[in-house]
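In what comes next, chain A is part of two complexes: it sits with chain B in the first one and with chain C in the second one.
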Partner chain A sequence: MLKAAIDTEVFKEAVEVVAAIVSECRLNISANGLAVRAVDTANVAMISLELGAPAFNTFAAGDSQIGLDISKLKNIVASINKADVLTLDLPDGAYKMELAYGGFKYSISLLDVNTVRKDPNLPSIQLPGKVVIAGAELNNAIKAASLVSDKIAFGINPDNETFYMEADGDTDHINLEIKAADLKTFIPAEARSLFSLDYLKDMGRVMSKAEEVEIFLGKDHPVKFVFTIAGGEGKVEYLLAPRIESD
Partner chain B sequence: MQDWVEKYRPKSLADIIGNKDCLRRMIEWARDWKPGVPPLLLYGKPGVGKTSSAYALANDMNWEVVELNASDQRTKGIIERVAGATATTMSLLGSQRKLLLLDEADNLHGTADMGGARAIIGVIKSSQQPIILIANDKYGVAKEIKALCELLQFRALQARSIVPHLKYLCSAENKTCNDNALMQIAESAGGDMRAAVNMLFAAGSGADTVSEESVSTAAKDQRSSIFELVGGILRGGADRRLMEMSYDLSDTPDTVEQWVEGALPQIKNPRDRTEAYGYLAQSDLYLGRTYLRQYYTLWKYATALMVIGTAAAAGGQGVTGNIMPPARWNRMAGAKKKKLVRQSVLIKAAFAYHMPENTLRDEYLKAFGMIADKDPLSFAKELSLDGDELDYIIDDKVRSAEVMKEIKREEKEQEKKEKAAQKAAEKARKSEKTVRIQDLAKATKTEKPEQPEKPDLNEPAESSVSIGSAASKSADEPENSEKVGKSAEKKPSETQSTLFSF
Partner chain C sequence: MSRSQQCVQCKGRGFCGLPKCPITSRFYAKLKEKPRPFESYMGESPSVFIGSYSYPRVAGGPMMTAQADDPEEWVRKGCSIDDIVAMRSSTVRGSKTLNAAAGKAFLARTADSIQEVAISQKPIDIEVAFEKPVSFDLKFDGTLAPVGLSGEIKKMDVLDNAFVPRIVDKITSDGDLRAVDGMYELFKGGIDVHHIQNVLGAGLLGIEKNRRFVPTRWGITAIDDSISRRLKSEIMKYPPISDVTVFSGAIHANHIVCMLVPGDWKFEMIEIWEKNSMWAGDSDVIVVDSETKKSKNDYSPIGGAYYSARLAVLEYLSDIRRNAEVILVRRATKDYWAPLGTWVIREATRNAMNSQPVKCEDTKEGADTVTKFCGGDTWLKHSRLYTELRTQKSLFDF
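For the complex of A and B:
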């Protein structure tokens, strides 16, 4: 059961965060809020989102799990006016969720939970390096890198205390270095991994709105981005597997 | 309720039944895998454990699996994104490697899979992760893909190796079973473990015992083959059964018609045979109308006539020979080749005689052949025909082969002669030149020419002899002038070498 009202802007952001990684997911509903954890078909990126009850204007729910077509939902919320308040209504055991906003009533068919990939276990990986930068800055670096290559390296140089992002194209090269002093947080550790910009582009677009993005790094290890949405009431974690550097 | 195939899918390679050699090879492959090792292509009939083995292997090796099968859209873009991303990234969840499983790799066609095969080739070539491809039909997989893979064939399972597994399932499900019933299932499964387990599941669901009666109702739907249908026609069977068999076939009625046509000579009694051909001819009329009008409802009349009609005519006399693919197919392949040869002959002849190809073919081919028969050698030379083409005109394999030999020999001789002539001509020019240069040198006492030293290696020893012959040749054979001209181009260096030898 779910009965809730939420600002369109907040809901939109939450949907976009998930849609950047997967096209369908299982939505876990509980009295504390909504939660999603999903990996994409290629097992390369993982999203985990916790949208707490306080992010909603009103929220009443019992424990349940539903399958959602996120791409469809994204298209629907894109058409909603920002000022509208969205109400979600999901009766117990229903196969459809009702979305109402500004006079519209949208009834979305849900997916059979068993046809959607199971939620992955949280991997236990150690990522020693950590930096915090503004989301817009991260997105700019990603966009710049995508002009010259299809992959980008994130790394920390503990010797001269810098966080760097660099991309090597066939002909061009781009490098962005940020000194520890200019970063909000800097935990040095030997770290460098290469990532596919295909995935980062979508993630970067979403993260650009976040004021702060925590980046956890290791050596040839996945990268973890942690940031908040909905005024701190929603917590997002992205995990992205590194590319294998081939010569 | 979960079906037993999924519930009891083997977790480890050790649990897989049959095909031990393949499994051993898979383990070796996985253990020694490093980037650059070619992917495996597992092929074999459905239900023999290809997909299960791949998953079990991944489980044994503690690899993640990313599967793309025919239920996913497999366009170029999706393969590149999903398979490409998988093949070039490390694991997210901390396992060592990711196994990319491309199931049903032989079903990569249709508009939805456009460009899919090419994309898979790209993924294989750039992969940093192990890949296994799975196909039912080896020949359905693109040649280029096969060339990149190591092929492993999974064979159908023996009924006696299926039975113990069925027994195990029964005991795991707390069902009592009858040995005969299990044997019956195993045999009718035709080496397909999945079918066997499904049959057992169907026979055993809702009951505590698996008996022979429950098995018979749960038998696998067998698809009839074309051999069964043709055999059925000759042996005579119930009309309804024959029609059902023809519906089962994936062949279109016009293919079936050709099979039936190939089998009709087996009917002994000439009167019956005539009658059978009559029905077949009528059936063929319907087929023709079907295609002419694009009205496919007519197909059923064509089928009924060719199946029931011929069966009635055969009168259940039985199969007396082999049922073979229509001989016409072979003949057509042969005819196609012949047509190609004819076309190339016509093109050559039409060009030589300034005559349209069609006129030549319709009116003069015979005459042309008879004339050519008198002197095949000069014909072959004039039109520069090859063996097959000459054979087409004079219709004599042995002779045309001889003629070809003769032409080869003549060509060689000609070549030799030409070479000699060429050299002789060069010689002649050289000596002429040298004399002139010597004159020049005498007159002006000039320095040596600036050309680098380059002695003529091909210079024949008996040059003085050939000079005379070449000179006379070039005098009375104007076509040699070209060669002379060519040698003239090389003049300077030659000139010098002779200058030194003098």
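For the complex of A and C:
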């Protein structure tokens, strides 16, 4: 059961965060809020989202799990006026969720939970390096890199205390270095991994709105991005597997 | 850009600025028998042709030949390149100035008769008088099938009744159905791509007030692309295939090797024009293009062949209801001496997808199999998708 009201802006952000990785997911509903954990079909990117009850204007829910077509939901939400308040209504055992806003009543069919991939286990990964930068800056670096290549390297140089992002194309090269002093947080460690921009472009667009993004890095290891939405009431974690060139 | 690189991308469209393509005009000399000029034609017309020159005031009209005009038919009959060129040499392309602006497709007396020819699945008899005696001028082009003769029409009459399949009648009579939806419905209704081209070209598809004549060259790619887009969103819902599989097939010295890898739709096509083949010079020329699950925006540097090949692969995936990442290599050897149109690639790829697939252990073995079929590993260093497949780790590897 779910009965809740939420600002459209907040809901839109939450939907976009998930839509950057998967097109359908299982939505876990509990009295504490909503939670999603999903990986894309290629097992390369993972999203964990926890949207706490305080992010909603009103929130009442019992434990349940439903299957959602996120791409469809994203299109619906895109058409809603930002000023409207959205109400979500899902009776117990229902096959449809009702979205109401500004006089409209939208009832969307849910997916059978069994047809949607199970929530993955969180892989246990040690990522020693950590930096915190502005989401907009991260997105700019991703956009710049995609002009020259299809992959980007994130790394930390503990010797001269810098965090760097670099991309090598067939003919061109792009490099961005940020000194530890200019970063909000800097935990040095030998770290460098290569990532596919295909995935990062979608993630970057979403992260560009976040004031701070925590980046956890290792050597030829996945990268973890952690940031908040909904004024701190929603926590998002992205995990992205690297590309390893030497084999 | 080197000359041969430009030739491979242009395929006779005149990018170099010469008045006549030196490559296509050399086939002219290869033909022994050239028909004598004549002033009128009475006989079968299997299809229509709309030119793209000076759009929207284009020239279009019926094709006149008693022989098969449908590439799918040529493949079934096993025609050789020589057979096809000979057949096309004696084909007449009738033309009349047509206005291809929106909504103009129902006007004009000629439009009616062109539309009757186009809508018919079987060739129908027509009688045509030409302005001047028709003379021989064989034209080749990368996208279109070649044509030998062309003449301006003075008067044209349709002598026969069109044979119209029920679905074609239904779709073309619906003035509220968009052209893209119409094409897809026809395709799903079992109408072959060649017939859809005719119907689209003659301005019989789309919302009534938007209907217009569509130049055949543009129509071919428009159909390949629109149907592929639909099939692409359809297969995105399916689970990935279970094994790495490699397919191989060839038509008219165009060898297609296609590797399917489990995963979400990605498509990469590598076109290799071998040394001394038609468009290439004295070294291999390679053009690569690719796409991911997002829709593709720019026109492919490979040209119409990209869209034709992609359609054939998507048809296969839609049949087996599976999703996959695809690397497709097209190798054109020097035996492909005359450009016959992108249908060659569509049919060659269909031929490959119908072949017995080779199952492979992993992408590495798959790549080795592709190399074996291609007779070389030139494709490997041009394939970005392969590098990605080999280097991308999964989250559960850690």
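FYI, the second predicted complex is superposed on the first by the 245 of 247 C-alpha atoms of A that agree within 3 Å, B and C clash if a C-alpha of one lies under 4 Å from a C-alpha of the other, contacts with A are read in each partner's own complex, and residues count from 1 in each chain.
The definition used in the following text is that a residue touches a chain if its C-beta (ideal position, glycine included) is under 8 Å from a C-beta of that chain, and two chains touch if they have at least 3 such contacts.
Everything numeric in this text was worked out from a predicted model, so none of it was measured.
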When chain B and chain C are modelled together on chain A, clash or fit: clash
Touching partner for A:A181 - first (chain B), second (chain C), both, neither: neither
Which superposed partner A:I244 touches (first chain B, second chain C, both, neither): both
Chain B versus chain C as contact partner of A:P222, first or second or both or neither: both
Set of chain A residues, in rising order, touched by both chain B and chain C: 39, 41-46, 120, 123, 125, 196, 198, 222, 239-244
Contact footprint of chain A on chain C as seen in their complex: 236, 240, 263-264, 292, 323, 384, 388, 390-398
Contacting residues of chain A [partner chain C, same complex]: 23, 39-46, 120, 123, 125, 150, 194, 196, 198, 221-222, 239-245, 247
Of all residues in chain A, those that touch chain B in their complex: 39, 41-46, 120-121, 123-125, 196, 198-199, 220, 222, 239-244, 246
Touching residues on chain B, where the partner in the complex is chain A: 35, 64, 66, 68, 72, 81-83, 85-86, 88-94, 98, 126, 128-129
